[in-house]
Amino acid sequence: MGIRVAVAGASGYAGGELLRLIAGHPEFDLVAATAHSQAGHRVDVVHPQLTGLDLVLGETDPTILADADLVFLALPHGQSAALAAQLPAEVRIVDLGADHRLADPYAWAQYYGGTHAGQWTYGLPELPGQRELIAGSTRVANTGCYAAAITLALAPLIADGAANPADVVVVAASGTSGAGRAAKPHLLASEVMGDLSPYRVGTHQHVPEIKQATGATGLSFTPVLAPMPRGILATVTAVPARGVDPQEVLARAYADAPFVHVLPEGRWPHTAATLGSNSCHLQATVDVDSGRLIVLSALDNLGKGAAGQAVQNANLMLGLPETTGLSIWGVTP
Amino acid sequence: MGIRVAVAGASGYAGGELLRLIAGHPEFDLVAATAHSQAGHRVDVVHPQLTGLDLVLGETDPTILADADLVFLALPHGQSAALAAQLPAEVRIVDLGADHRLADPYAWAQYYGGTHAGQWTYGLPELPGQRELIAGSTRVANTGCYAAAITLALAPLIADGAANPADVVVVAASGTSGAGRAAKPHLLASEVMGDLSPYRVGTHQHVPEIKQATGATGLSFTPVLAPMPRGILATVTAVPARGVDPQEVLARAYADAPFVHVLPEGRWPHTAATLGSNSCHLQATVDVDSGRLIVLSALDNLGKGAAGQAVQNANLMLGLPETTGLSIWGVTP
Amino acid sequence: MGIRVAVAGASGYAGGELLRLIAGHPEFDLVAATAHSQAGHRVDVVHPQLTGLDLVLGETDPTILADADLVFLALPHGQSAALAAQLPAEVRIVDLGADHRLADPYAWAQYYGGTHAGQWTYGLPELPGQRELIAGSTRVANTGCYAAAITLALAPLIADGAANPADVVVVAASGTSGAGRAAKPHLLASEVMGDLSPYRVGTHQHVPEIKQATGATGLSFTPVLAPMPRGILATVTAVPARGVDPQEVLARAYADAPFVHVLPEGRWPHTAATLGSNSCHLQATVDVDSGRLIVLSALDNLGKGAAGQAVQNANLMLGLPETTGLSIWGVTP
Amino acid sequence: MGIRVAVAGASGYAGGELLRLIAGHPEFDLVAATAHSQAGHRVDVVHPQLTGLDLVLGETDPTILADADLVFLALPHGQSAALAAQLPAEVRIVDLGADHRLADPYAWAQYYGGTHAGQWTYGLPELPGQRELIAGSTRVANTGCYAAAITLALAPLIADGAANPADVVVVAASGTSGAGRAAKPHLLASEVMGDLSPYRVGTHQHVPEIKQATGATGLSFTPVLAPMPRGILATVTAVPARGVDPQEVLARAYADAPFVHVLPEGRWPHTAATLGSNSCHLQATVDVDSGRLIVLSALDNLGKGAAGQAVQNANLMLGLPETTGLSIWGVTP
C-alpha cells in the first residue's frame, strides 16, 4: 500500500509527464487524475505514450482530490489558488503553476494580473537551506521552467559575491512543450520546425520569479522558442564582482545535489543530454574579450523544469529519498 | 549484490542506451563497459546523457568480459562471433548484432558477406513458444530493429493463416540512430533535417531475417531514413488469405505480452509514443479500396528494437520478471 | 504592364507560396489577394516571409477577383465551386482545391461528401497530351499533392503496360504544411517533432483522384505525417506486367519535362532536394526478393504539389513558357 | 552573353547555395565550379538539389578560374589567400572565407593562427558608405554569417551614439549548415535533433570581426548550435548611451536597404521567415526591467550570411542592380 497521490490538470504536457513519473514511482499509488475538457477520456487517448495505463481522466472535483495524501496541481497560471483553497490542510500540495511563487503582490499584479494568492515554500531544493524547508512544508510552489535553469546557474554566484546582481543578461531557449498544449497557430509544427523565434522580449512574466530566486537586481531576459519538443538552454552572463573561478563556486554549491551536475572542463551543457531526466547540467567560464561570467545551464523543461522537480519536492515532503522514482540519466539520442 | 553484467561496444547508440537501462535496472551491476576507439574515455564524455555515472570505457578484453554473468554484445555486424567464441559457455550472451540471427548461411553470405557464424535462439519473446526458449538459452540473438517492428505486426497474421505470406509489401521509416554513430556525410544534421530519404531500396540486408521471423515468402521492403533521432514506423501490407479481422488476431496473439499493445479502434501507432520505452504499438485494418490488410507498427529502434529488447531477453535468461528495469511508457512529447 | 493575377485563399500555406511565386514572376502583376478571417491584415503579418511586400489581404469578393486575367483558388475543399461560378467565363481559373478534379460524382460523394461540382481539365502537364489540353483551357483543376507525387511515378508504367494496375501499394509521407494551417492539436510542434504518424489509413480521400490519374484499379494507400515542414516521399510498388526496365519507361516519359527528373542509377529521390522548387525526382528498381516494381518519388508538396504546379498550369494557360517564374533547383540544405 | 563567373569551393554548403543563385541569376554565366576531394563528380551527385544542372566539378586550377570575370572563393578559412594571389588583378574576387576580413594581424594570429593575408573591402553594403566602396573594389571580403546578423543589428546604434560600445552581450544561435559539411560526430543528425548546444563559449573566432564591424569595444559572444539546417537568430543587448528609440535609429539606417527590414512594432524576427532569401529582419526594444537595449536579428546563414551576400557584393562590383538574382522573400513554411 503506497502513498496516495493525485494529479489535477493531467491532460497537459506537464500533467502527462507527472503521470509517467508516478506510474514508474515505487512508492506512489495514483488515485485520481483530473482534467477539464478531456475529463471522461481514457488516459491513453489523451497521452498515447501512456498506452497500457488503465485510467480514465476525471472531473476536477476537490472531494476526490482530498482523498489523496499529496496532490500535484498542473493547472494554467491563475487557476491553482482557488482549487488549493478547497483542499484540507493535511493534504500536501505541489503547485506546478505560478500562483504561489512570488513574494511580491505588485509583481504578480504587473506580470500576471489579478489578485496575488500568497507565497508558498519555493520548490527548488538545491538552494541553500531549501531542502529542509520543503521537507517541512505541506504547500510547495514548484519553480518555473526558465527560473529553474537560470537560478541553478546564477544563484550561487550572486550569493557568493562572485557576480554583480545588478547587471545580469540572460538569453534562454526552450522547446515547445514549455508553451503548453493549447492549439495556437504559432505553435504549429509547420511554423516551428526550422525556426528560432523570440517572444515576450523585454517583458517576460518569469522575470520577477527569476530575480526573487537568484538575487539579481537588474535582469535582461530574452526567451526564444526552439524547434525541439523539450529542453531549455540558458545562457546567463554577469559582471564578475571580483576575481573568481565560477566553476569552483558552482561545484561547491552542488557537491551534494544528486541532480545538478557541474561538468568537467571542456564539456558544455546541451539540452538533449538531459531529456527525460531530472538533471541540470552546468558549465561556466570567463569571456576572454569582455571579462563577463558566462554560465550555461541545460535541463528538460518537463523534467527538472516541471514534473521531475515536482516529484523531487514531493519526495522531500513525504520523507522519501529525494531521488526516488527519478532518473539522473537522459534519453539520448 | 546484483547480477554482474557487461557491455561490449558501449560507445555506440545501442551501447549507450544499454548503459542507461543497466544503470536503472534494480538487479544489474555493471562490471565492465568496453569500446574500441573510445576505450580509455570517461563514459560521460562519450555519452553526455550519462553524466553522473562514474565509469571509464575499457578495452574489449575477453578476460574482463568473462567475469560477468551476462554480456551484451553491441558490436558492428560481423564482429560479435569472434568475441563470443572467446567467452566461457557459462557466461550468458545477448548479441545485438546480426551475426547469429540467420538460419541460412547462404542468406548471410548474400546479404552480409563472409562466413556464417551459426544461429542462436532468436530473441523475440513475443513469438509463440519463444519466451521459454530464450529463458532456457545461454546464447540469444537479439532481433534487428526493423525486424522487430515488422515481425510483431506480421508474424501472427501469417501463422494464423490470415495473411498470404507470398505477397507482403513493407515500407518502414527509421530515425537516424538506427544508422549508427559513425560520422558519415549523409547522416549529418544538415542533410537529414527536413528530409525523407530511402536507401538500399529492394536489397536491404534485413530481408532474410524478416522473412525467417515472419514466415513471409515474398517480401518487398523499402526502408526510409526519417528526420528524427529515434523511432520506427512500419507499414506492413499483405493480401488477406480469408475473411479475417486482423485486429482480433493481433489482440489474441499479444494478450499476455506486457510490451506489445494492440491499440483500440480509431487510434494509430506513432513513433513518439514509444520513445524511450520497450513498447511496440500495433493497429490493423482492411483497406477499403484494395482489400489488403494494412498493419502499422511503431517502436523505439533503440528500445524494443535494440537495447530494451536485449534487457528483456536478459531478464528472461536470468529468471527475472520480463519487465524488470524496463519502461512501458514513452517519453513524450 | 504584366498579366493581372489574383489569389483567393491567400492566408494558408499554399496561398503564401503562391504569393511568393507571383512576387518573383516576371510576367505577373498581383492585383488582389483575398482571405477569410485574415482579411484586413497586412500580408507580412500573416506571412512573415513576405516582409517587404506591400499588400493588405482583402475580402473574398468576386467582383474584385473578376478584374484579374487569371485567378488562383487556394480554398478549403468544397469552397471553390461556389466562388468559381461567380467569375466570368473569360477569367482563367486554376483551382488548387479538390472540387473539380474527379470525373466520378459518386467517388466525390463517398470521399468528400456533398454535391459534385463537375470536372475541369486535370492540371498535370506531364501526362501525355495534357500540356496541350491545359493550354487550351480556361478552367484547370490543380492536382492533389499526394496525387502529383504518385501519378508522376506510376502513370507511365501503367500506360506502358509495364505495371499491373490491379495491385498497387503506396506508402507516402508528407511534411506538415500539407495538413494546412488550421491550429489542430495533432499538428502542434510538440506532437509532430520526433514523430511519424499515419492517418486515414485505408480510407484517404485522395484515393479516387490517384486511381483516376494513374489508371490504377486496385490501390492500397497509406499516408504518414512526417516531422518536416514540406516534402512528400512516395514509395509506389506494383507487380510488373512483363519484363521491364522501369527506369527506362520513366526516362522516356519525361524526356521533355523540365521539372520531372529521373535520377541516374544509384541515386534515390529525397524530399529536401526538391524544397522550394517545382521539381519532382524519380527513381525505380525491381525488388530482388519479391520482384515488385518499386518507384520512389519526391517533391515539395507546396511546390510541384500545389503552388508551383498551379503557376506552371497558369503559364501554359496564358501562353507563357512553362518554366516562367519557377525554380528547378531546391533550397538545400 | 552574360558575365562569366566561377566558384572555387563549390562542394560545400555555401558553394552549393552559390551555384543555385548563379543558376537563377539573369546576368551570370557559370564558367567553372571547382572542388577538392569532389572534383570530377557531377554536381547533382554532390548537390542533389541541383539535379538538372549539367555540370562536372573541376580541379581548383587558377588558370581556369582566371578565365572568369568574377570568382567566388568559398574555401575553408586560411585557404583563399594563396589562391587569390594566383589570380590576375582584373579578375574580381569575392572571398566568402575569413582570410581578408580583419584589419588587425594580431587578432588574426590569435583567433585563426598563421600569417595574416591582409584586408580587403568589407562586404557589408548596408554599412554607411560601404556600398560605394564595394562597387569600386575588385577584391571584397564577404562577412562572416554571425558577423552579418550582429553587425546589422548593432552598428547603427553604436554609430549613432545610442548604444555603449563597451558592454555588448550577444547570444546567437545558428543552424547546422553554418558548421560546414565535413562529417564530424557532433554534427550528426542523431546528436543535433532535439538539441541546443553551445560551443566555443567565450572564445569564438568571429569576435574580432564583429568588434571591427560594429564598433563594439567590449563583447561577450556565445554561439549556440540549433536543430535546424539554416538560419541565425542573434540576440544583441547593449547599455543605451542616452534616451533613445532603437527602432527609429535602425529604421533610419536601413530606409534604402532592399534586404534589411526593420519590422513593425509587435513583430519579432524569426529565422524561418528569411530562409532561402537574402533578407535580414530586425526588431528592437528597451527591456522594462534592466533598461538594456535588446535587438533581435534573423537571417539565413547561407543567404545574407554567405552566398546571398556574396552575390549582392558581386552585383555591386559589376555595376548591376544590387538585388539582381536575389530573393527578398523567404521559403516558408
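Miscellaneous remarks
Chains: A, B, C and D, in written order; residue numbering restarts at 1 for each.
We take it that contacts are C-beta pairs under 8 Å (C-beta built on N, C-alpha and C of every residue); 3 or more make two chains touch, one makes a residue touch a chain.
If you're wondering where the values come from, they're calculated on a predicted model, not measured in any experiment.
Note on connectivity: the fewest chain-to-chain touch steps from chain A to chain C number 1.
When each chain is reduced to the average of its Cα atoms, B sits farthest from chain D.
One inter-chain figure worth recording: chain B and chain D are separated by 44 Å, centre to centre, where each centre is the mean of the chain's CA atoms.
For this pair, chain B with chain C, the centres built from the Cα atoms lie 38 Å apart.
Residues of chain B found to touch two or more other chains are 13, 175-177, 190-191, 193-194, 227-230, 270, 272-273, 275, 333.
Only residues 13, 175-177, 179, 181, 183-185, 187-194, 227-229 of chain B touch chain D when the two sit together in their complex. Partner chain D is touched in their complex by these residues of chain C: 13, 16, 20, 23-24, 42, 44-45, 47-53, 176-177, 193-194, 229-230, 258, 261, 263-264, 267, 270, 272-277, 279, 281, 302, 327-333.
Listed in rising order, the residues of chain D touching chain A in the complex are 167-169, 171, 173, 175, 190-191, 193-199, 201-203, 207, 211, 218-222, 224, 226-231, 233, 235, 237, 268-272, 275, 283, 285-292, 294, 296, 298, 333.
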